[in-house]
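What follows is a pair of complexes built around chain A, which joins chain B in one and chain C in the other.
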Partner chain A sequence: MMQRSEVAVNNSTIKRSWWLILLIIAFLIAPLVMSKFYLTILCEALVMSLFALSFNLLFGYMGQLSFGQAAFYGLGGYVVAMLITKLQFNFWLSLAAGAGMAGLVGLIVGYFCVRLRGIYFAVLTLAFGQLIFVIIFKWHKFTGGDDGIQGVFPPEYLRSIEAYYYLIFFVCAISAFILWRIVNSPFGQALKAMRENPERTEFLGIHIARYQLIAFVIAAAFAGLAGAVWVPFYRSVAPSYLTWIKSGEPVMAAILGGPNIFFGPVLGMFIMTFVHSYILGFTHFWPVIMGTIILIIIFVLPGGILEFAKVKITERREKAKIAKGQT
Partner chain B sequence: MLLQTQSITKEFGKLRAVNQVSLDIHKGDIHAIIGPNGAGKSTYFNLITGYHPATFGKVLFKDKEITHLPAYTRCTLGITRSFQITSIYPKFTVYESVLMALLSHRKVTLKFFSSANKFFKEKVWNILEDVELANQANTLGDSISHGDKKRLELAITLGTEPELLLLDEPTCGMSPEETESTMALIQKLSTERGITILFTEHDMSVVFGIAKRISVLHQGTLIADGSPQAVRASEEVQKVYLGGTA
Partner chain C sequence: MNLGYQCMSFDVLFNQFMSGIARASLLFLVASGLSLTFGVLRVLNFAHGSLYMLGAFVTYTIWKTLLIPVVGFYVATFLGALVMGGVGIIIEFFLLRRLYARGWPEQLLATYAIVLIITDIVKWGWGGEFLSIPRPKPFTGAVLLFGFPFPSYNFFIILLGLTVVIFLWWLIYKTRFGDIIRAAAHDREMVSALGIPIPWLFTWIFVLGSLIAGLSGAVTAPFGSIALGMDVEIIVECFAVVVIGGMGSLPGTLLGSLIVGQVYAFGIMFKPELALAFIFMVMAAVLIVRPWGIFGRPER
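Showing the complex of A and B:
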């Protein structure tokens, strides 16, 4: 008979947190040991990881494939760029405004999307994403059109790569922590329940559309924050940030790393960003290589890299238990 | 009276699946709905729980009309159901599945930062012990036996602390032993927790063994309603359903 004191809820991610502490230390000392080139890539990987985590709240946890997440990422970036260059707005408030505006637009877009499931949800998010892209692309007077907006500078004290790296790291770490708390909260449990069995969940008293809309807004706001924090680092923003190709990146990252594990999309994004920058050094056929990697993952490790690792580790532990005779 | 349907009717195109069924469900009863395949039993359940909108007629729960309320609202009022094809969370552990029902019923699902596992431990274990699934608390929903899945679904419905529990063929596909223990469990829930139970069932020995009241549907129409003895004695019931052998 199982003991009541045993925690029965699946909570595998941070049971032993030593590796997390090591990872945080590694990130903190990275600027001391890395070249400026790789530090820049690391900044991009971190921002894109936050973008992927926001996407995976919907995909991995809620079970809905959003194909328009880049619209919110780009919106966050545009809001910051416009506030800083046109209104000389406070930098920190601009970041908040970027996330807030993305969340607000997420509320409107989500209102329509959460009524749909599966491919229809995916297609409608794609359609809204393209709509927002076209508005920004065509509205030259207001957004700069295909020229984008240049000269988006952070405050003086954040202009070095190292200083801005720490900003990015803290924004991403705190956001990841918040998202991690959310997916393990009762709200997160409700999201997973909707993914597992929407019908059963509705018949437990959950208003599915309402919960999905809340998740949609949270995901949009964090995607917006990722875009908002990236643009002043890159000093510019362009409509390409909102394209459906950009929306596809977190999809691939999640599949690569494992959508059912919290840090899966982060691992996926790190692999994609670093392999990309490495491969660009000798070939422009990056999409071919990325496509091959995804193909291999789907056929060989269908749950993604971290899921595969988790299964292997669990098997090993079970074997060890049996070997010790405590079956 | 806990639940009342007044001339409730459901049409799918030209087919009238449930035809003007007026029925009272009394508090504390174990009430069986029987009828041959296609008699409209499941559709009748779907009308009560809000799975299908009614074509016309009314559903009243505790004297309040609920005919047009969505399913999730009916659940929060105290009506919960199981499905004919077992509906559980395949990738949730047994414990998590019951926890989910409690989180929803006790309205904590809009908490964003507290850990889900700290809630309702005592209550979840109580339910798991009641349905004898405590020793499988950490097993995933899709890894337990068919009979246990049925009982898991029952445990999930108990998590919503219902006043009225609708069970659509609760022993379908079970072995005779499992059937017997499940029916004993349902009896226990009714007496100990005071839950009113409305269930459909194919197995007549099960129905007559446990039900206090039986209603018979035939081609969507209510043809008999009363005590097991009265229903057994009804000529019309014998003709259409019991084949004259009961």
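Showing the complex of A and C:
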């Protein structure tokens, strides 16, 4: 069922891309019409969307649930924060270093994880994620421990919210495009084949562990990039960026929006970020609300919002077809 | 490393070893419930640490309200464990039961949602303070082990761990219920075909797991202190335990707890801030040789 719909998306990409162009224009003019408050939230939603997309490369396409993705997100953030505050390193190179470092650590962690499947993979990524968290949390002299690092400033020309918003938007848009190309490339098809039937894929001569390791490194690098681009905007980084609570957010976003659709996690993250900022206005009990939302989605909307919408639209079209055939 | 003459003496090592055993005992208490639930239900309960934390706080409140002299702590522990068993029934009956037919990611995420909800319940009900129960008689003092004071309450923890090991061993390998458990872990459809109600079995296993989680939470209150965040702390170590030992295996959990407990105890001697990191290094080493843990079996 899924493969058929993906082919359908490919066929009519051009016909349907009008909404994407509209969306890009909307994002470009957003700073002109939005208040600073909402622009800040929009920045967060964009960065978190990139984070969720990196996670969904593994979850939606490769079929492996990583519960330690926040470690790479936080790692990217820490590398940038330390390079900028301690060495006054070039901002753009810092961003690249953040993504690169996350990818490198992803290579080491991934080496152990890709040999496992299912729950075992989830537990192992969680354990490694917590390991990285603990190292950063306890290594007070080097990382600032639970104080985190403050005063991470971007260069002068990126100090205003509007300017930085455009940076975030372009980084996220380009990254999303690259990820989109990856999942639609032969490499992406191989990942999907592994998800559907690992044995058969192996018989076709595809080295599963190697492919999954490459995907793991890519996902880690993009998660690191998301963290790297976020920290100078927020001006600080803290160990809480690496906890499993943070790792749970892209999981939830993917399930909320729909992991089988490329932009599903993005929709999920946008809903979560805006609901979060709204709820923080009157209560600090965000986790209980997040937990309740998760349970509601699992029970009411299996497959996510976009999947639900897709099913409804197809149903309607088929009904219309039947009605046409009868007249 | 300036260990040299300062601490390599036998008595220090032995003392460290004993505190490692005490820690292993506590880890086993928590991880055994986790492993049991996973072995039979095939659901990895992220919320197991939260049940442990909630058990600790509930026990504290029961102890504080009852204030029975001498045996107060034991009564509170017993009642606290029972309450957590009840919470287990609610979670299994209203949530997990409806998800067995679905994929494991959804089950995992549902238990993760319970983690978030219980965190806020504890925050709302007890606040972010550190709470503690004084050590109960007769485990108030310390015993001298080769001249070093060793809290006698640790012996209580070790004893309790041993009791639970023996109880679980008896339950799983010596009773009819245990036969059913092992059969269901192997092939639940076959067991179901033999006329044994699987949903009923699942409820009881989950309740047993929650009960042990509550019990282990209860006994930590005099061990150190209880506070928000103790759930994540313990669950991560428990994951290391079950990953090293093999998920769903009781002997594996026991061995995993002993390894993690000792690595932690001796790791703290070398470099306190990296004690946890050592555990994960051992875990990585085990995984290179046996990706499914020492006693684990490859997933189907």
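Everything that follows uses one rule, which is that the second predicted complex is superposed on the first by the 310 of 327 C-alpha atoms of A that agree within 3 Å, B and C clash if a C-alpha of one lies under 4 Å from a C-alpha of the other, contacts with A are read in each partner's own complex, and residues count from 1 in each chain.
Just so it is clear, contacts are C-beta pairs under 8 Å (C-beta built on N, C-alpha and C of every residue); 3 or more make two chains touch, one makes a residue touch a chain.
Keep in mind it's a predicted model, so treat the numbers as computed, not measured.
Participant: Of the partners chain B and chain C, which touch A:A96 in the superposed model: first, second, both, neither?
Facilitator: neither
Participant: Could you look at A:L204 and tell me whether it touches chain B, chain C, both or neither (first, second, both, neither)?
Facilitator: A:L204: touches chain B, not chain C.
Participant: Let me test your reading of the model: by the given contact rule, A:K192 touches which partner, first (chain B), second (chain C), both or neither?
Facilitator: A:K192: touches chain B, not chain C.
Participant: Who does A:L104 touch here: chain B (first), chain C (second), both, or neither?
Facilitator: neither
Participant: Please indicate which partner A:L301 is in contact with in the superposed arrangement: first for chain B, second for chain C, both, or neither.
Facilitator: Touch status of A:L301: no partner.
Participant: Looking at the overlay, does A:A163 come into contact with chain B only (first), chain C only (second), both, or neither?
Facilitator: A:A163 sits against neither chain B nor chain C.
Participant: Residues on chain A in contact with chain B in one complex and with chain C in the other?
Facilitator: No residue sits in both footprints.
Participant: Can you list the chain A residues touching chain B in their complex?
Facilitator: So the residues of chain A in touch with chain B come to 1-2, 4, 6-11, 178, 181-182, 184-190, 192-193, 196-197, 199-208, 211, 214.
Participant: Under the touch definition given earlier, write down the residues of chain A that touch chain C in their complex.
Facilitator: Within the complex, chain A contacts chain C at residues 59, 65, 67, 112, 115-120, 122-124, 126-128, 130-131, 134-135, 138-140, 243-245, 248, 251-252, 255, 285, 287-288, 290-292, 294-295, 298-299, 302.
Participant: Mind listing the chain C positions that touch chain A in their complex?
Facilitator: 38, 44, 95, 98-99, 102, 104-106, 108-110, 112-117, 119-121, 123-124, 232, 236, 239-240, 242-243, 247, 273-274, 276-277, 280, 283-284, 287-288, 291-292, 299
Participant: Can you name the residues of chain B that touch chain A in the complex?
Facilitator: Residues of chain B touching chain A: 49, 51, 70-73, 75-76, 80-81, 83, 87-96, 99-101, 103-105, 108-117, 119, 121, 125, 134-135, 137-138, 156, 159-160.
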